[in-house]
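After this come two complexes, each holding chain A, first together with chain B and then together with chain C.
What follows is the complex of A and B.
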């Protein structure tokens, strides 16, 4: 299933990440490649580059992957993870500047309809005030 | 003139470990109360690989330190300090002289600025690294001068208003607290000065 953009949900809290993914699956279904991760390498609150790389791989689509994040460190760690991908994958992963729960549902809805990575990102980011 | 890398890394790791609670307390005032714990986890991971790391030539060794921090810290300070060490590794020759170090630090700081989308005066680690780098660049800095600059620069973050990072959510309320990243940078610089001093 690589004809739809993949979605990665990344929270400092593993519970928030899992719960957000549950909402996406219930509202959008299972046709969109979806993965989630959260928590630091010890399982406490935080984010982990290693887990992000794994999540990107799980949600991989040739159309690209959109990452939804909660707070600052999640964004910095995502950008670090993207730089560590193979060069041909780097340009096809974006971090969305959007609220994590609403953004994930909107992005997944747009992805389900076959939208491009840029359109998926734009739809999610419309939720953020300019 | 340059002390061995193992001694330097162990000294930096030891000071981070010894001050982990203090760093976390600073972070609980204006951030998310994990800076000390995160940095300790990162340097514990570095120490766990110290044999492998120090068997490499200096540039690769510094890159390996950076990579361990990126993978294990678990907060924004992982990519930030990770980028600092990885850039130092990229910039330094295998057997650097002082001017090489000043130049490499300047480039590494530019990389950290880019990674954190931050600038000097934003109440971050850059506010210690920047002034110390400037002092190194003039080529006449004494160890005592570097130490004093690091300490004064960390203290100078107290009245700053945070522009980047979690503390920026607090706006004006971030004023009056030392930035935890500035303090951890100060601690690392002091630890390096300690090691160099013993060797001189």
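What follows is the complex of A and C.
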């Protein structure tokens, strides 16, 4: 069943990513495709394109995938990962300009209701300062 | 399906008010209905979209606030009944909701 937009949570810290995913699971439930990743391949703080690609795959939905990120490198690595996807998938993955924890809960709630990828992103970004 | 409208109000008794988790529950329940559903903390409004998680959470309604619901659409009466029931039972899970959601 992939009738809901998927959510990827990406932090420099694996613990932040896991904790954020726990909040989404407990508050919104398990009906939304969700994955998380964090840390560099050496186990330190950071992000990795390879892990992001795997996370996108895990949360994949034909309706698309919204990625929630924390700091700068997470966004640029997400963009690199998106560029490496199959062309037909590239247009269905977006990075949300929203705070990671709040944005993930908002995005997942919107996704739960069956909203489009664009609506999921807009809901997460409603939180951002103008 | 004939269109109808419904309204109702309920006292918010949840200790910490309409904080994060109750907001998500309220929004998810609202989204499970087709009708347009709004709520307000005053009968004069402003009315906000009960299906918008960001707007619901932003109301920050406190304990002892009366929440006013109004809905229009085919399942409006059921929507208002379900939402007021959710608030009445202090946002606890209910099997009837699980079936719709």
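The working rule: the second predicted complex is superposed on the first by the 130 of 130 C-alpha atoms of A that agree within 3 Å, B and C clash if a C-alpha of one lies under 4 Å from a C-alpha of the other, contacts with A are read in each partner's own complex, and residues count from 1 in each chain.
Just so it is clear, a contact is a pair of C-beta atoms (placed from the backbone, for glycine too) under 8 Å apart; a residue touches a chain by one contact, two chains touch by 3 or more.
What you are looking at is a predicted structure, and each value in this text was computed from that prediction instead of being measured.
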| item | value |
| --- | --- |
| Partner chain in contact with A:106 - chain B first, chain C second, else both or neither | second |
| First (chain B), second (chain C), both or neither touched by A:127 | second |
| Touching partner for A:45 - first (chain B), second (chain C), both, neither | first |
| Partner chain(s) touched by A:30 [first = chain B, second = chain C, both, neither] | neither |
| Most chain A residues touched (candidates chain B, chain C) | B |
| First (chain B), second (chain C), both or neither touched by A:91 | neither |
| Chain B versus chain C as contact partner of A:80, first or second or both or neither | first |
| Residues of chain A touching chain B in the complex | 12, 39-42, 44-50, 71-73, 76-77, 79-80 |
| Residue ranges of chain C touching chain A (in the complex, touch as defined) | 20-21, 24, 27-28, 31-32, 51-54, 57 |
| Sites on chain B touched by chain A in the complex | 32, 34, 37-38, 41, 70-80, 82-83, 115-116, 165-166 |
| Interface residues, chain A side, partner chain C - complex | 26-29, 105-106, 109-110, 112-114, 123, 126-127 |
